[in-house]
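Okay, so here's the structure we're looking at.
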Amino acid sequence: MKDEVFFSKGMIHLKEDYPDLYKASVELNDAAYNGKVLDYKSLKLIAIAITAASSDDRAVKKQMISGMQELGISKDEIVDVLRVVLLTAGKPAFTKAIKILYKITD
Amino acid sequence: MKDEVFFSKGMIHLKEDYPDLYKASVELNDAAYNGKVLDYKSLKLIAIAITAASSDDRAVKKQMISGMQELGISKDEIVDVLRVVLLTAGKPAFTKAIKILYKITD
Amino acid sequence: MKDEVFFSKGMIHLKEDYPDLYKASVELNDAAYNGKVLDYKSLKLIAIAITAASSDDRAVKKQMISGMQELGISKDEIVDVLRVVLLTAGKPAFTKAIKILYKITD
Amino acid sequence: MKDEVFFSKGMIHLKEDYPDLYKASVELNDAAYNGKVLDYKSLKLIAIAITAASSDDRAVKKQMISGMQELGISKDEIVDVLRVVLLTAGKPAFTKAIKILYKITD
Amino acid sequence: MKDEVFFSKGMIHLKEDYPDLYKASVELNDAAYNGKVLDYKSLKLIAIAITAASSDDRAVKKQMISGMQELGISKDEIVDVLRVVLLTAGKPAFTKAIKILYKITD
Amino acid sequence: MKDEVFFSKGMIHLKEDYPDLYKASVELNDAAYNGKVLDYKSLKLIAIAITAASSDDRAVKKQMISGMQELGISKDEIVDVLRVVLLTAGKPAFTKAIKILYKITD
C-alpha cells in the first residue's frame, strides 16, 4: 500500500474498530495510485493539486510532505503544481498552499 | 498563449470590451502553464484533475478536449487522473468525469 | 419581499406544501437583503459574486437577471464583480460567469 | 451491490476497460452503504443530502430517483433532508434540489 | 430552539448587536430541525454529514459533540455517516472527520 | 499594488524564488481590484464575501483586517456582507465568519 495517510492515528483506530471500512479505504487508495500509464509520482502531484485546491491545511501539508519524502518531489515541482491551482482555484487556495510549502521547506 | 479557453465566445468579447481584464487573464494562464520543471502536458493533466474535482461539466469537457487535441493526452492518462479524483473528491465527481470522457472518446 | 427567486416554480410548490419551510426561507431572504448600512444593490452584487464563485449556471443566471432587471445593475458592474471572482475563485468560475453574462446581454 | 449508479453508461464502460478501478469503485460503494448500525435507507438519505449540498444536477437527480424507487423514500423525507441543506449549504443549493425534486414527483 | 451553535460566543454577540439577523438565524435553524417525517436525530446525522463533507474542523467537531451529547448519537452511527462521506466527498474529508471523531471519543 | 496579501511571508519568498509567478499574481490582483465602475471598497467587500463563503479562517481574517485597516470598512458593513453569506452559503460559513469578525473587533 502506497499512502502514508493510513499511518495517521485516526486510520490506525479505524483498522481495529471498522476493518471493512479500513479495507475499502486501502483498496481505494491502491486503485487510485496504481495508474495504467501514469507513474506514482505523477499521480501524487495530482493529489497535491486537488488537495491544495479544496482541502484543509493538514491534508495539504500531509500530501506535500509525503510526496517529498517518499517520492523525492521537489519544491519547484510543487510550485509548478500550484501555478495551476492559482489558475483554476484562485488566490486564497494558492496563497495557503505556498505558505504551507515554505513552512515545510524552510 | 497556450490555452484554447480564450477562444471561447465569452473571451473574445472580453478582449474587446475589457482589455485590461483579458490581459491579466492571459498572463495568469501563461504563468500557470509555463512551469519551471514540469512540462505543459503534466500541468494540463493537473488542470483536468482540479476541474474534474470541482467544476461544472463544460469546464471539464473543455479541459479534456483541449488536452487530447493539443497535447495528445490519451484516454488512459485521463482515467489515471480520474483515479485520484475518485480518491480525493469522491464518486459523484468521478462518475461525472468518466461519463464526459466516454462521450468525448466514443 | 425582495427576491424574485421565490417566484420560481419550485418555490410556489414549496409555499403550498411546506409553508413553515417556505416562511423560514422568505425570512432568511429578507434578513439577508435588509442590510443595516449597505443598500440592496450592494448586497445583490455580493450575492452575484458568491453565486458565480460556487454555484451552478442557473443560479448565476437568475441572480444576474434579477440584479439587472430589478435594480438596474449594469454589465460593467457585473464584470467588476467577476474580476474578484477570477482572483478568489479561479478561471473556470470566471469563464462560466462571463459566458452567462454575455448570453444575457447580447 | 446496492447502488444503481453503476448501471450508468460510463460505469459499464469502466467495468470493461478498467476492471481494477471498477472493482475499487464497487467495493467503496458497498462499504459506504453497509453501515454497522444505520440502515441502507438512512445512509441513502445522507447521500442525497451531501449530493444536494455540493454536486451537479444529474447526481442529485440520480440519488433522489434511486432512493425513491429502490427504497421507497418519500417526498416528505427528501424535503426534510433539504431543510438541513438550506441550513448548512445555503439557498442556491436548496432551491436547485427543490426544483429537481418537484420535477421528479410531478 | 434546538441547536447549541447559538450559544457560541459569536452568536451571543449577534443576538445583542443584530437582533433581526439573529432571529432569522434561529428561525432557519428551527425550520431545518423540525422535519415533517424525519426525527431530530436523523436530521442531526445529516447535518454532521454535510458539515464533514465540506466544512472546517470546528464546525464538524461542534456538530459531532452536539449530536452525541444532546441526542445520544453513538460513535458507530457517526462512522456510518462518514462511510457515505468517503463515497461522496473523498478521502481527505473522510480522514479529517475520522480524526476529529476519535479525538472526541478517546 | 493594492493588496496586503503580498506582504505575507509566503509571497515575499515567491517574489525572490519565482518572479514570473509573483508578477502574474500581482497583475491578477491589480486587475481584480481596479474596477471600471465599482470602487475599491465595494470590490473588497466582495472579496470578503467570497472568502467567507468558501475559504479557510486565515484568508477570511486577512481579508477582513485588510478591509478595515486599509479602507475603513466598518463592522456593520461586514455583518451586512455576512447576511448574504448566510443566505447563499449556509450557517457554518456564516458562524465561522461572525466568530472571526468578533475576535477582530473585540
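First chain written, first letter: the chains are A, B, C, D, E and F, and each begins at residue 1.
Simple rule for what comes next: a residue touches a chain if its C-beta (ideal position, glycine included) is under 8 Å from a C-beta of that chain, and two chains touch if they have at least 3 such contacts.
These numbers come from a predicted model, not from an experiment.
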Selected interface, D-F versus A-D, where C-beta contact pairs are more numerous: A-D
Chain whose mean Cα position lies farthest from chain A: C
Identified repeat of the D-E interface (over half of residue pairs identical), from E-F, A-E or A-B: A-B
Cα superposition of chain C on its sequence copy chain D - rotation in ° rounded to nearest 5: 120
Centre-of-Cα separation between chain F and chain B, whole angstrom: 27
Length of the line joining the C-alpha centres of chain A and chain C, rounded to whole Å: 35
Residues of chain F engaged with two or more neighbouring chains: 18, 21, 24-25, 28-29, 31-32, 34, 36, 51, 54-56, 79, 83, 86-89, 91-93
Chain F to chain C touching residues, read off their complex: 28-29, 31-38, 42-43, 45-47, 49-51, 53-55, 74, 76-77, 79-81, 83-89
In the complex with chain B, residue positions of chain C that touch it: 56-57, 79, 83, 86, 91-96, 98-99, 101-102
Footprint of chain D on chain F - complex, ascending: 86-93
Chain F - residues contacting chain A, complex: 5, 8-11, 13-14, 17-18, 21, 24-25, 28-29, 51, 54-56, 58-59
Complex interface listing, chain D residues touching chain A: 18, 20-21, 23-25, 27-28, 30-32, 34, 36
